[in-house]
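Presented sequentially are two complexes of subunit A, the first with subunit B as partner and the second with subunit C.
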Partner chain A sequence: MGYAFSSGYGLLLVLFGVLPTLYAIYLAFTKNGAFAGLENFTHVFADYRFLPAVEHVALYLFIWLILLVVVVVILALIVHGLRRRWLSASVRFLYYIPGALAGASSVMLWLFVLDPEVSPVSGILRGLGLSSFVQTVSVQNLPVVFTVIAFWTGAGGWIVIMYGALNNISLEVMEAARIDGAGPIKTAWFIQIPLLRKWISYMGIMSLAAGTQLFVEPRVLSQASRGVVPPDYSLNQLAYLYAFNQGDFNGSAAISLVLLVVALGLAAFFVFRGGLFERD
Partner chain B sequence: MASQHRRIKRTLAATAAVAALAILTACSSAGTGSAANDSKYGFTTAKQDSKSAITVWVDAAREPLAKAFVAANPDTPIKIQTYDGNAGGSDSFKTKMALFDQSGSGWPDVVFSTQTNDTSWAAKSANGTQAFAAPLNKGLFPASFLNGFTAGAESPMTVNGTVYGLRNDLAPVVLWYNKKLLDQFGYTAPTTWQEYEALSDKLAADHPGYILGSVGDAFTGTYVYYWGAQAPIFQLKGNTFSSDFTDKHTTAMTDLIDHMLANKTLVQDSLFSADFVKKYASKLVAIPGPAWYAGALFQNAQSLNNPAGEIGAANPLYWDGDAKVTGNVGGGVWYASSHSANYAAVKKFLTFVISSPDAAKLASGLPAYSSTADTWLTAQTSSGYFTGDFKGAISTAASSVWKGWGFPSFSPETAYAKVVVPGLAAGKTIADLSPAWQAEMKNEAQVQGYTVK
Partner chain C sequence: MSATELRTPAVSGFAPGRWIGRVTAFLIAGVFVLFFVIPILWLLLAGTKTDRQLLLGNPFSFGSLGTIVDNWNALAGFQQGVIWTWLGNSAVYSIAALAITLVVSIPAGYALALTDFRLRRPLLIVTLVVMLIPNTALVLPVFLEVSSVHLVGTPLAVILPFSFFPFGVYLTFIYFSTSVSRDLLDAARIDGAGELRVFAQVAMPLAVPVIALVGFFNFTSNWNNYFLPFVMEPGPKSPVQVGLAELLSNVALFNPTSAGSVTIQLPVLALATLVSVAPVLVIFLFSQRFLVSGMTAGGTKE
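The block that comes next holds the complex of A and B.
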């Protein structure tokens, strides 16, 4: 019976997950059908766009993951601490709304927010010394811009999940902490956060996988800014250019494999540090 | 969380596409048996069938013309599909053909592209598939037809004497001026770059706030100013790309732009931004720009929307004492597929869109075919919107485009947008940015497989 339930997922996973991965591995190590060793990789690493793209994605991940973990946990704790039921429910609903917008359309919305000429928060942008769209989306500002966009679309869902996880902590533990004289901050630090560890590392893995695949946001911004955001900003965009602009599917597969290895390595770190596979 | 689901879905869709590709490539290697080597057209054609419907890809602006063809030729089997016209660096033409090359079928028979440099890849075979663009002067079209193009119009599509595309429209750069403002200030329209720069100082001193152009768009900086200045920063000879920023034409143009940015007669706003219209609709005294500014800026209710009789076109600016040449900003191209099964219909269609009376009537810019252009220019002049010798200026510009500018498989706009536009916004000058700009173009050339000098 178990097999029957998992067969649908298993079939799709093989068709659209495993087989394409194997095809990518085949492509990455061949050139025109002949075995090419590491040639595709050295070729891609030597590309002048590769290192900047790695830097861009790494910087973005660094800023975004830290901000995500810290702010989501704090907000979830606060929402969980709200005594009034209706207030807590409506705040959770509010957090969740932006996540319901699909990727490209949420970027379209941000195009307006980021343009000081039309932005509802143009005062803030001008206060930061940004008087034109070109200045707002200059390359050094982008990691922050993408973090804000990703946080806005993604964090709400995670807050709701963390809230659910907090509800799972047994009342006896919480009460024992209170009797021992722990205030909200101490309870959070010594009881709630350690018990949330698995959830936090789960969030870390999922967000990492999503973050390394940064594509839609810079692509839409690139078109909207008429190229000021370069079309080769992220690694995924570079892989896209390799395949469809240069017709080099092998190089494109090499980049995707590099992404896979890096994401797997980092995910393994989260899995083992976060004790995700431990059983209680 | 929703974002994660979305990404996973996106990944799934992408991997599905890759898997489909894998299957299709496996099939295609065996599926090209029916081709006949047909020396009639100078390349290997598929089996011909006059009943086979041709598929035509056009952008929205060319759709009325394609429909006019259907109305005039109801017996020719044809399917019209609209796409983004390969506009603004979307690269959809190349991307889609790469996918059809992989699958070994599905190519459209005729494609319109708004870009001028597609021949660089469309004339080359990729990953073992015959080059997409069909040679047009090896039997498909007679020389008498091809000679009807404005001189030089076909050169971007010509490789070693073989013509691969038919130019739809030309976009030579002229000097647009606002006669009302010039008269009011007592100025005359400049005829050389030197006069243009001198006028900028006068204008900045006497009437601050009025402007003489913008360098905020990648196409103006590159095609209007540097191409028009004969700056050899984007050249292609054979397979060798070169970019010379020490040439006197280049340095003179860099100085001119930096000078005019400093005196604020050149601005950094994009011509197509809401802000440009708001700030400068009544303050644009003159601006060098392509022929299509006529409809895109001046006669456009969404843009500057100048009243009739105010705007005129003058001969392009050139360097005093140097060759009288100008730049060019784009111009669409029609391509025939080398995989078509019905060249009779393809030829009929292409002849119609290039040289029929409908082609002149429905053209939105200066047509590239001489007789079509004449009809169009006469119609524009008789409308009375433009002041001065509109037809003369445009014709002069059309036949004096500088031939030193290259058409490799990448656009000069990418590097300008990436390096120069944000650099200027951060307060740097073009002279400061030139080394990085040049390096970016050379890097791009190298990635695209050119030898870089």
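The block that comes next holds the complex of A and C.
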């Protein structure tokens, strides 16, 4: 009976999980149907656009992950410490609501916010020496720009999750810390943060996996910025260009496969070592 | 309930150090409230203004109701009302995928939680791993596969991949394994109910909360998805998220080469952005509780 109930899902899993992976593997290791060994990979790696794309994504990840972990943990601790229930709930809600604007719409909104001519915070942008949109999205600013956009859409969800995890810490532990004379900062550092470790690493690994996939943000910005943001800024954009502009499905599959292996590796590592999810 | 009271410090009296800490914490929390809220507030107001007001006026002023109508007419007039086509596409793709997702995920989660079969454990572990892969990672491989069977451009090319939703299966699995006991199902079996009846008449009525939860997450992620429909559904088949980027290339400010063709004014683009997320935004406003329980569902082990 179990097979009957899970057959529909199983079919989709094969069609859109397993088969595309196998097909990407096939494409990545062949050329015109003949086995090509690592040729597609060496070809792609030698592309003059490949290394810069890796650097762009790596720099973005570095900035984003540090900011995400530090700020999310601090904000979750503060919100958790708010004594008035309604206040804490409203703040969490306000942090969370930008999550509704995932995808192209959040980038679109940030196009406005980052354009000093229309921005609601043009004073801040001008204060940073940015007087035009083109200046704001110049290539050396992009890792920060993408960090701000990703943080704006995604951080609230993580704050809510961390808040939930903080609520799970037993009151006796917190009480004991207080009786021992620990203030809020010591309690946070020695009790709460160590107990959040699993969730923090979950957030870090998931965000790392998602960040390597960077696509929508540079794609939309590139469309909007008169080419100031290059169309091959990130790895996924490059894989897209291979498939759509050059008609080189093998090269595209090779890049996608590299990214997929990274994502799979991180996910598997977390499932087997993270211990956060029930797998009975 | 009593948690809030217990958290209050027992010591009263004036402690300057703690007071400064408290003010700093409030300030940090407040600054981030502004950071998260200002763009949304601005977006809500931008569609009420004319281009001139948007560029020169106070960013948080309200334009006029008449201007909203004008902006909307400009948006609806763009390429003979293509915005309706985009919104319609989004609705068709998201809702069809939602229906299939529920039909396949709920029984699958049920089977993983409450029945025994040889592939159960492997299926569960694969589900977990795939669920943690960002959905963008499979977009190009799925595209390459779908294009090899010449289905690119058909609605199925997005509906079926959207319907593959391992997170929903996992949520259902967690729900059934924690809130429905096998004994209850066995009791029904002893009363002579067949497997299908046990599922339909015992398990399903209990599953309403998790159906809503899976539905919420699936619908919002379908609606907001950009990358997959972007590669799969070109031109008039685009959903609104992809259409929005198309609109962008007709804005004179961002794209001077479009001068001459029909141009879109900034407030119209802002209004379009708001319209494109409106369904999800409305759902978000009314389902915060859902979200929290869904997102923390993984944390059953501590």
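In the analysis below, the second predicted complex is superposed on the first by the 247 of 280 C-alpha atoms of A that agree within 3 Å, B and C clash if a C-alpha of one lies under 4 Å from a C-alpha of the other, contacts with A are read in each partner's own complex, and residues count from 1 in each chain.
Here, a residue touches a chain if its C-beta (ideal position, glycine included) is under 8 Å from a C-beta of that chain, and two chains touch if they have at least 3 such contacts.
As the structure is a prediction and not an experimental result, all values here were calculated from the model.
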Comparing the two partners subunit B and subunit C, which touches a greater set of residues in subunit A: C
Which superposed partner A:A100 touches (first subunit B, second subunit C, both, neither): both
Partner chain in contact with A:Q135 - subunit B first, subunit C second, else both or neither: first
First (subunit B), second (subunit C), both or neither touched by A:I191: neither
First, second, both or neither for A:P231, with subunit B first and subunit C second: first
First (subunit B), second (subunit C), both or neither touched by A:A150: first
Partner chain(s) touched by A:D47 [first = subunit B, second = subunit C, both, neither]: first
Which of subunit B and subunit C A:A165 touches, first, second, both or neither: second
Which of subunit B and subunit C A:V79 touches, first, second, both or neither: second
Touching partner for A:Q223 - first (subunit B), second (subunit C), both, neither: both
On subunit A, positions contacted by subunit B and by subunit C: 12, 15-17, 19-21, 23-24, 99-100, 102-103, 117-118, 133, 157, 160-161, 206, 209-210, 213, 215-216, 223, 225-226, 243-244, 249
Residue ranges of subunit B touching subunit A (in the complex, touch as defined): 1-4, 6-7, 10-12, 15-16, 18-19, 22, 88-91, 94-95, 98-99, 101-102, 121, 126-128, 216-218, 268-270, 273-275, 413-414, 416-418, 421-422, 425-426, 443, 446-448
Parts of subunit A lying in touch with subunit C, wherever the complex brings them together: 1-6, 8-13, 15-17, 19-21, 23-24, 27, 71, 74-75, 78-79, 81-85, 91, 93-105, 108-113, 115, 117-122, 133, 152, 156-157, 160-161, 164-165, 167-168, 171, 174-175, 178, 183-185, 199, 202, 206, 209-210, 213, 215-216, 219-220, 223-226, 236, 239-240, 243-244, 249, 252-253, 255-257, 259-260, 263-264, 266-268, 270-271, 275-280
Contact set on subunit A toward subunit B in their complex: 12, 15-17, 19-21, 23-24, 32, 47-49, 99-100, 102-103, 117-118, 132-135, 138-139, 150, 153-154, 157-158, 160-161, 206-207, 209-210, 213, 215-216, 223, 225-228, 230-231, 243-247, 249
In the complex with subunit A, residue positions of subunit C that touch it: 3-4, 6-9, 17-18, 21, 25, 28-29, 32-33, 35-43, 46, 54-55, 59-60, 103-105, 107-108, 110-112, 115-117, 119-121, 123-134, 136-138, 140-145, 148, 160-161, 163-164, 166, 169-170, 174, 177, 195, 199, 220-221, 224-227, 230-231, 241-242, 244-245, 248-249, 251, 253-256, 266, 269-270, 273, 276-277, 280-281, 283-285, 288, 291-292, 295-296, 298-302
